[in-house]
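Here's the structure we're looking at; comments come further down.
Letters A, B, C and D mark the chains as written, and numbering starts fresh at 1 in each.
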């Protein structure tokens, strides 16, 4: 047990993600197991400014591993973006006896953690976001659940698409990143998947492929589009206008953010939460926990925030070859 | 076995609904069991005009009871709305040796069945539509599945709504009828449910109730709205403007039309399909099969089409009392 | 509001069932809505004897409508079966200020309610049991969920049964009643369904039907058996010995008791809970709430306990005709 | 395109696994995309001996990516284990014009592939088994789905376990390997997970931990046991005898083998199937496709069969620390 650290705070920040509760549970239980006290900060960094801080014991995190959302709530906090807000938050930690903070969230949350560290409160970040847009980590908590939710919904759409010989254009989450769209597109056998990272030409990449596969007997079509790549309704209208095929748009929306986490999200969250406490126990701070090649690793927060992640466009080639 | 009838045709028409396959299976199997021949007409009445008719045997309907959509496909058919089209369709039946037709669909499909009967092809209708808007039947095939799908999606939305102390405004299917919305609203504990049958005042019925329950500690809200009662995005914007509560709209859309049917839809479809063949076997024609008080009954098609169904607003009172 | 009654107690007793939480929620909210106080008694009648009684407010039942199990816990209570135990329980009600008790459970729980009434504590019963074995009610809370859970599991079994050309013998809940088995059997397309109410001969009813359908090309088989009708492993062994078809037994077990309730269970539970409070509000006591032909009705407890329910064997005929 | 190879055969062998259909689809589509002909061999190696071989076109694998089981069926084949059987199978390939064979299955299937190669039919293996017991691959097709199915079922069990303050002992698949049990145990928050790789003492590892956590207020317990580590019913009986806690055994059984594959299984299967054809296209044969650190790689079949895989017992430490 690190001699300096007696009490660990934990919070969730930014958009919620399924598996955050499993991460909270692992942080709380592993910390208590190693002899620390634990406090939960509610509603993100906001809770530090408003004093919304609760003691956590072993039973505080019972019966949550399978629940979506976050029992600690989450919120944006404008005040915390100012130096004054950060100083106030650090002071609140000291007054609450919180020696270090585990922050579960995305890049914005980690920038906050870095700010807290600058104010004397060492932090550990855990990547929790459905978007998988954290550069240092192959995989973020909530990503697998969000994709499986999208797949289940599109499987239902498939039934009606097929019964009516239609084209379904489905908009999935991903304003800046095509991770969800790309994998979901492969998993549902989408004819074409459109992502923000790869420019596309509707005629060349969608219409002509539809016409080509029609010749092999294909009569219904699923097109997956990341929200950052285009608007489903626009694309559906275009397709219908140019092909005559009855085309419908569906926006899967916030349903993708919720639901009971998958095994993968629960296990990753548990491992990451445990790893965070191990780092603290070794006196190592200001790291972001991450997965690399299915192992749990960690990076300096500043380094993590400066990293850049590219999407594996080889998956597009595979998708192109087998969705015909 | 009815002496006049040797071959039974079966088709699905209008919007598809989960459980239609279970109905097809029951029609085909029960007919073969009683010694009839069965032909499947594909793509609704259209299949009669295009000759898209296939022989059905016991194995043609294997492994479909659990599948959404319809293996016989469905479509609208403009040509069939003309007298000439109807005469042509009846002639096609005679040429294919189809002596009677079982039509699975909604009111529009039953009007078609009545038209076929006028051209000498006796028909039986089976109510298959997720909207439950068939007056003679308490319950239509697909309705239970559609509502359970809506409930599952809103349960996921609930997680993120709660984590962020938000208001979720969810638009469910129901252009003219509030059945799905009303039951779904009760099942998800919606604060308010808006349906086309009951006019509402946003301030009085929604905003003031939100403010009242806030006083009891409630911080997140689910509002269910039938598509015929209003646009989710408009309502969400209004709520946010007047309460300051972060409000998001979600349109569940066509996902509600698909998916593996629930037990209730499978059992009802099986019973209805069997009943249709029993009617034919007794020489009774031009009836719509229906459920009344959990029994399977039937009505003359013309009578069925002239009936009127009201929504049980007592459910709104219950919903109002327990969603606080 | 009934002048005599100020505080309503609510408890769940016997085996738990999905939807019990929705019923608790409706009882608590409707009671508070009408101006009563509400106390929750935990662990069934046991909680009266041990003083495990908690105040319930509007927020005590937030976020439970979608959860399986019962937040009030349930238990058997041997002591309560004695007159002395009943007197003690009634005295505990008086001391806790509980004027009337809403009991959610099965026949055993209603017998307890009758005993409480005899000791001066008027009661209302709500049928909550997955087995649907309450004579006065067409339908009990939890029954629809249990059947849908069984159907989902058997749908998964179907995949592997089909891939291997096997026979799956699946044992579902129902020690004394075949309701779950009968409906589940129709919904999964079971070749044969065995229930305790109808004696069967393995050779005549199962083996010979398997052989007959094999001739039509059928190669895999699902047999559903209620636990009260036979042991899945014995039946699977017999089938394999007599047909040579690789046969496997699966016991679905307690998984059927849990899970998020279906829409039907949530809506029925909400309506029943509301009805219970309406009865109390009208000064009507010692009734069991029930469904009849999709309406909510009520019966005198003693009458309800003396009623007898038969299973609709017409469903067996339908099942026989369409599962070939 | 490899000059020697014109026609590719594909088969599934051994126990079926969710995702096998996605792999078949990828093999067929990628092969056709690159200009090969494809034939499907049904019922495993058996299909070679019985001539159960069908031509596959683009549409033969439509609408299967989301389905459990295998459209090519699978079977054991005793005759194929003899040299004579292998010679006959190779001869059947030559007669059917199959130049190379893609075999989707487990180690037993790969030994068969090696035997075929010895008879002059080059092969590629793709790991498809829910057990994850293929040494060369981090991950096998079907494993993720099987674990998520187990998790969903145990989540339902949790409801009833909690309502009754019980202990549930759940037996999951894994005769020789604890992979499913270990990850499932973490994901459901099992108090203890018993696997064949790690000997256990019931008193020390289970009973004493139960008693210890009871002191912190824990009242219900989930114990996960791999089928190779012990019998759930025996363990439940022992626990109940020694602790007095009502304990129930559940065997999840073959349900774990079926169901619609998860996103991960569909994507991995698609990538592996595509990779298999890429190898063939490069003239590389007798390899097993595998995942290593989330990449798709391949190994010589003989090398793959000689590899050994150990379970990551670090997960047990994590599980021990956070399940209290």
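Note that in this section contacts are C-beta pairs under 8 Å (C-beta built on N, C-alpha and C of every residue); 3 or more make two chains touch, one makes a residue touch a chain.
If you want to know which protein each chain is, UniProt gives these names: A, B, C, D = ATP-dependent 6-phosphofructokinase.
Everything numeric here is computed off the predicted structure, so don't read it as measured data.
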Item checked: Shared chain contacts [chain B and chain C, defined touch] -> none
Item checked: Rotation in the CA alignment of chain A with chain D, degrees, nearest 5 -> 180
Notebook entry, point to check: Which chain's centre, taken as the mean of its Cα atoms, is farthest from the centre of chain C?
Noted result: A
Next item on the list: Give, as an integer number of Å, the spacing between the C-alpha centres of chain D and chain A.
Entry: 28
Checklist line | Centroid spacing, where centroids are CA-atom means, of chain A and chain B in whole angstrom | finding: 36
Next item on the list: Would you mind pulling out the distance in Å between where the CA atoms of chain B average out and where those of chain D do?
Entry: 39
Check: Residue numbers in chain D touching 2 or more other chains?
Finding: 155, 158, 162
Item checked: Residues on chain C engaged by chain D in the complex (per definition of touch) -> 12, 15-16, 18, 20, 43, 67-70, 73-75, 149, 153, 155-160, 162-165, 168, 248, 250-259
Notebook entry, point to check: What does chain A use to touch chain D in their complex?
Noted result: 25-26, 29-30, 32-34, 57-59, 62-63, 65-66, 138, 144, 147-148, 151, 155, 158, 162, 183-184, 186-189, 213, 216-218, 260, 262-264, 266-267, 270-271, 273-274, 292-294, 315, 318-319, 321-324
